[in-house]
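All chains are identified by letter, namely A, B and C, in their written order; residue positions are counted from 1 within each chain.
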Amino acid sequence: MKKSLIALAVLAASGAAMAQSSVTLFGVVDATYAYGSGSVSNRSQLTNSGYNSSRLGFRGVEDLGGGMTASFWLEAGVNNDNGTGGSTNTNNQATGASASGGLVFNRRSTVSLSGGFGEVRLGRDYTPQFWNLTVFDPFGTNGVGTTQTLNSSLGGPVTVRASNSIGYFLPGKLGGFYGQAQYYLGENASNAANKKDGTGLALRAGFANGPINVAVAFSDTKYLAGNIKTFNLGGQYDLGMAKVMAHYNQDRNSAATAPDGSGWLIGGLIPVGAGEIRLAYSTYKTDVAVGADPKSNKLALGYVHNLSKRTALYATYAHVSNKNGAAQALNGAVTAAGSNSNGYDLGIRHSF
Amino acid sequence: MKKSLIALAVLAASGAAMAQSSVTLFGVVDATYAYGSGSVSNRSQLTNSGYNSSRLGFRGVEDLGGGMTASFWLEAGVNNDNGTGGSTNTNNQATGASASGGLVFNRRSTVSLSGGFGEVRLGRDYTPQFWNLTVFDPFGTNGVGTTQTLNSSLGGPVTVRASNSIGYFLPGKLGGFYGQAQYYLGENASNAANKKDGTGLALRAGFANGPINVAVAFSDTKYLAGNIKTFNLGGQYDLGMAKVMAHYNQDRNSAATAPDGSGWLIGGLIPVGAGEIRLAYSTYKTDVAVGADPKSNKLALGYVHNLSKRTALYATYAHVSNKNGAAQALNGAVTAAGSNSNGYDLGIRHSF
Amino acid sequence: MKKSLIALAVLAASGAAMAQSSVTLFGVVDATYAYGSGSVSNRSQLTNSGYNSSRLGFRGVEDLGGGMTASFWLEAGVNNDNGTGGSTNTNNQATGASASGGLVFNRRSTVSLSGGFGEVRLGRDYTPQFWNLTVFDPFGTNGVGTTQTLNSSLGGPVTVRASNSIGYFLPGKLGGFYGQAQYYLGENASNAANKKDGTGLALRAGFANGPINVAVAFSDTKYLAGNIKTFNLGGQYDLGMAKVMAHYNQDRNSAATAPDGSGWLIGGLIPVGAGEIRLAYSTYKTDVAVGADPKSNKLALGYVHNLSKRTALYATYAHVSNKNGAAQALNGAVTAAGSNSNGYDLGIRHSF
C-alpha cells in the first residue's frame, strides 16, 4: 500500500508560537551539472545543491498551551548524485569531523521550548556567525557562486554549524529587532591539554523592517591551535526592482603563527518575470606572510527560472582570480597559486 | 510545499491484532546538559537521551483478515546533540559492532506475523534478557540514573539487543501471563573455529495484572571467549501513591578465567502533580580475582515535570561509589579505581 | 502523539504525467532464513531481501501544469536483519564503493522533469544494462534464486546502478515502444591517468504490448583496467497459465588480459491460486584461460504465497554446479573450485 502525505499546515521555520500541533516531512532534491576549469586540471560532475542544499527533514511543533510550544527539527543533508548523506562534526574540533557516508542529521538536529520569552534551542544548529554570510549572499552560499568570504574562511569547524549547542533566540515581536546567542561545547575531559577545544560563544543581533534588513554577529571559539574570533555584519535593501546586499567578515586567530583573514561581498538580486538574476562580487584576503597576503576575488553571475514555487531551473557562472599565492578553484578544478579558475552550474532544484 | 502528517490511529507497541492498516512516523528528541565528576577528570556535555532514547522510527500494521496481521518496525537511534545515528552489531559478536555514524535502524528493525497463535518477529530486536533491567528500573536505563546492573553488566554484545533474531511472543489474552522466546544467529561459517559465536537462545515469562507485574528471563549465548548465561527477574507493585520495583541480574561466563557478575536494584516512582519523583539504589559486583571483587553501588534521584504528554523537563542526580578496584564513572567523567563519581542531567524530552 | 499517514494517491513508478501533487513514504521489509551449503563450509543466516529488496523510500510528484511534472525519488536499502543500510558507489569506480553501514539512498536518488518529450532524470539510478537481467528473471535478482548471469557478471561497478547519471526516458505513449539512454560520470580530474574511469553510456529499447515484452540493452563503460561493453536482451510471453521468459547477457573487457563472460537464463512463473511457482535455469561462462573456461549452472525453484497484496510468504531452493574452476556458492557458503552448492530461503515479505 502506497501512502501519501496530505498537506495540512505549514510550520513556521522558527519557533514562533502556533496554535496547532503537527509533524512535517520536508526536503530538497537539487541536481546540477557542474564544470570547473583551472590551470592544473578541470573537472566535470553531476553533483548536487547548486541552488539550494539537498536535504531530507522531519520537524514538528506541539502547542503546550499558555503561549508555549515545544518543537523539534531533524534535517539531513543528501548527496543525491550518489545517495550518500552529509557530514557532521561531533565535538566542533578537527578530530570530530565525519566523512560523508550514511545519512546524518548534520544540517540541524534540535529540540526547542518557545514562548513569550523567546526560544531555547538545544542540539546541532547553525552558528550565529554564519547567518550574515548566507543571508546577505545572493547565492545563499550554494553552488559555484558561493561567496568567497565563506570559501576562503578561516573560521574553523564552527564556521557554519556547531554541535552540542545551547541557543537562545529573542521572541519575534520586538518591532523588527531580532537576536540570538549560542554556547557550544567541545566536551573534552577536564584534565585534557585542550580541555576547551571546540567550545565557544556567539551572538547575533539585527533589525528587519520593510525594505531593510541589517545584522551584526560575533563569535569566540577556543581551539588548541589558537582561538578564533569572527566578526561580521551585513545588510540588504529592497529597492523593488532589485535587492542589493553586502557583507563584511573577519576571522582573527590568537596564535601568532596562524593567519588572520577578512573579506567582503557586494551583490544583488533582480526579479525578471518568473525568474531572478543573481550577481555578486566577493573577496577574501589572509595574512599568511609579511608582504605576501594571498587574496581571491570572485565574480558570480546567475539566473534562476521558477517553473513553480517548488521547482526551478538555474544556471550560474563564476570566475575566481587568485593573487599572492592563493589557489582557490571552482567545482573540483585545481589551479596553480596565482592562477584563475572558472566554473559553471546547470541544474534543477525541486523542493517538497 | 510543506506537508504535515495527520493523526489518525495509534498503533499498539506489540503485535496485537488491529482492524485497521496504517503507517506511523514516530520519534523522540531528548537533549540534556550532562555533567560528570570523578577523581581523574570531569566532563560537561550537551548530549542526548537523558530521559528517553532519542529516535526516529517508521512502523505499520496491515490487517490480513481472519485475525491475522502483518507489521513492520524500523527504529533508528539519533544522537541529536550532533546529528549522528546510533550503532548496531551485525553478528552479535565483538567483531560486528559498528561505530556511531550514519543513521541505522539499530533500535529495532523487524517484520512480524501475528494472530491468535501470538507473534513471530524476525530481525533486530531487544533481547528477552534486557526487559527486566529496563522495565523494573525507575530510570528506564536512560541517562545518568541508569541502573548499575546494566552499566556494569557482563552480558556481552546481546545484553540489550540482538541482530538476526527469530522471536516468538505469546498472544495478549492469557489472563495476564506473557512470554517470549528468541533465537539469534551469529551467522559464522560452519568451518570457523568460532562457528557458534554470537548465537544464542533466550526466554522471558511474566505476569501483569492490576497493580502487579513480575517477570523472569534467562539467556544462553555462545561466544568464542566463553559462553554467557544471564538470569534475571524483576517485579513492580503499584501502591497508588507510588510504584515500587526491584530486579536481580546475574551473568555467568563459562570460561574459568572470565569473571562472573551479579547485582540488583530497588527503586520507586512517586507521582507528584504533573510530575514524578524517581529513586533507585543499584549495585553490581564481579568476581575478577579471589578476594577482590570489584563492586559499584549507585544512588540515583530524579524528577520529571510533564509539560504535556509529549514534552517533559527533567533533572537527575546520581552518585556511584566504587570498591575493590571498580572504577565506574558517570557522564563521561573518569575516576580512579575505588574512587567515587557524581553526575547530573538537566534536560528536555519531546516525543512525536 | 503518534501520527499516521493516510492513503491518498498511488504514484506511478515512472515519471508519467499526473494531475495531482503528492509525497509518498514507501518501503519493503523482507526477512528470510537463508541456508547455504558447499564443499568447504555451510552457513545459516537470518538475513533480508529473499523475495524483494528491503528498502525505505520517499518520493513525490508535482504537477507543473501544461503537461509537465517534476518529481523526486529517494530510496534507501535496509538490511533489516541488523538495521544497517545498503552500500553505494560515489564515482562508479572500484575506489568509490562504500561499505554497508549507515542509511544511504543507494537504490535510487533522483530528480526528474517530465512532459510530452519524455523524462530527464538526474542522480543515482539503475543502469539500462541491468533491467533485462532483473525483469526477465523469475526471481527478480533477489534471494538464492538470483540469475547466474548477475551473480557471475563481469559488468563492473555499474552492473546494477550508476551514480552521477543523466538519464532520458521516452514518453509512455508510443504504442508499446519504450526506451532510455543514460550517461554517467566518473568525475575524475582531467589530468588524472584514469580521467574517464567510471564514465559510460548505456541504451535500452523495448516493446511491450499485450502478452509480449522484449528489450535489448547496450553499455560502454570506461575503466582504467579495461573498458567493459555489456550487451543483453530478454523477453517474456504471458501464456495465461504461465509466463515464460529468457535473457542473454555478455560482458566484454577491452583489456587483453581481462576475461570476457556471457550467459543466459530461461524460466517461468506459474500462478497457483493465491500463489506463484517460480522456476529458472541460468548459466554464465568466463574465458579466464585458454581451454579452461569457468562456468556455473544454476537451477532455482520457488513458491510465493500471497497473504495479501502487501504480505507474502516464500520458499526458494537453488542448486549451482561449477565447472572448470568456477566456485560460485549460495547464501554465504563456500565451495571448492568445481564443486557444487545448494541453498534455500524461507521468508516473509511485507511492503508498505
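The rule is short, and it goes like this: a contact is a pair of C-beta atoms (placed from the backbone, for glycine too) under 8 Å apart; a residue touches a chain by one contact, two chains touch by 3 or more.
Here's who's who by UniProt: A, B, C = Porin.
Please read all numbers here as calculations on a predicted model, not as lab measurements.
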Fitting chain A (Porin) to chain C (Porin) on CA atoms, where both chains share a sequence, rotation angle to nearest 5 degrees: 120
Chain copies touching (chain B (Porin), chain C (Porin)) - same or different residues, decided at half shared: different
Chain centre separation (chain B (Porin), chain C (Porin); CA means) in Å: 38
Contacts with two or more other chains, residues of chain B (Porin) listed in rising order: 1, 3, 5-6, 23, 25, 62, 85, 101-104, 310, 352
Chain A (Porin)-touching residues of chain C (Porin), taken from the complex the two chains share: 1, 3, 5-11, 22-26, 58, 60, 62, 64-65, 68, 70-72, 74, 76, 85, 88-91, 96, 98, 101-111, 113, 122-124, 163-166, 184-185, 187-192, 309-310, 351-352
Interfacial residue positions of chain C (Porin) with respect to chain B (Porin) in the complex: 1-6, 21, 23, 25, 27, 29-31, 33, 40-47, 56, 62, 78-85, 101-104, 307-308, 310-311, 332-334, 348, 350, 352
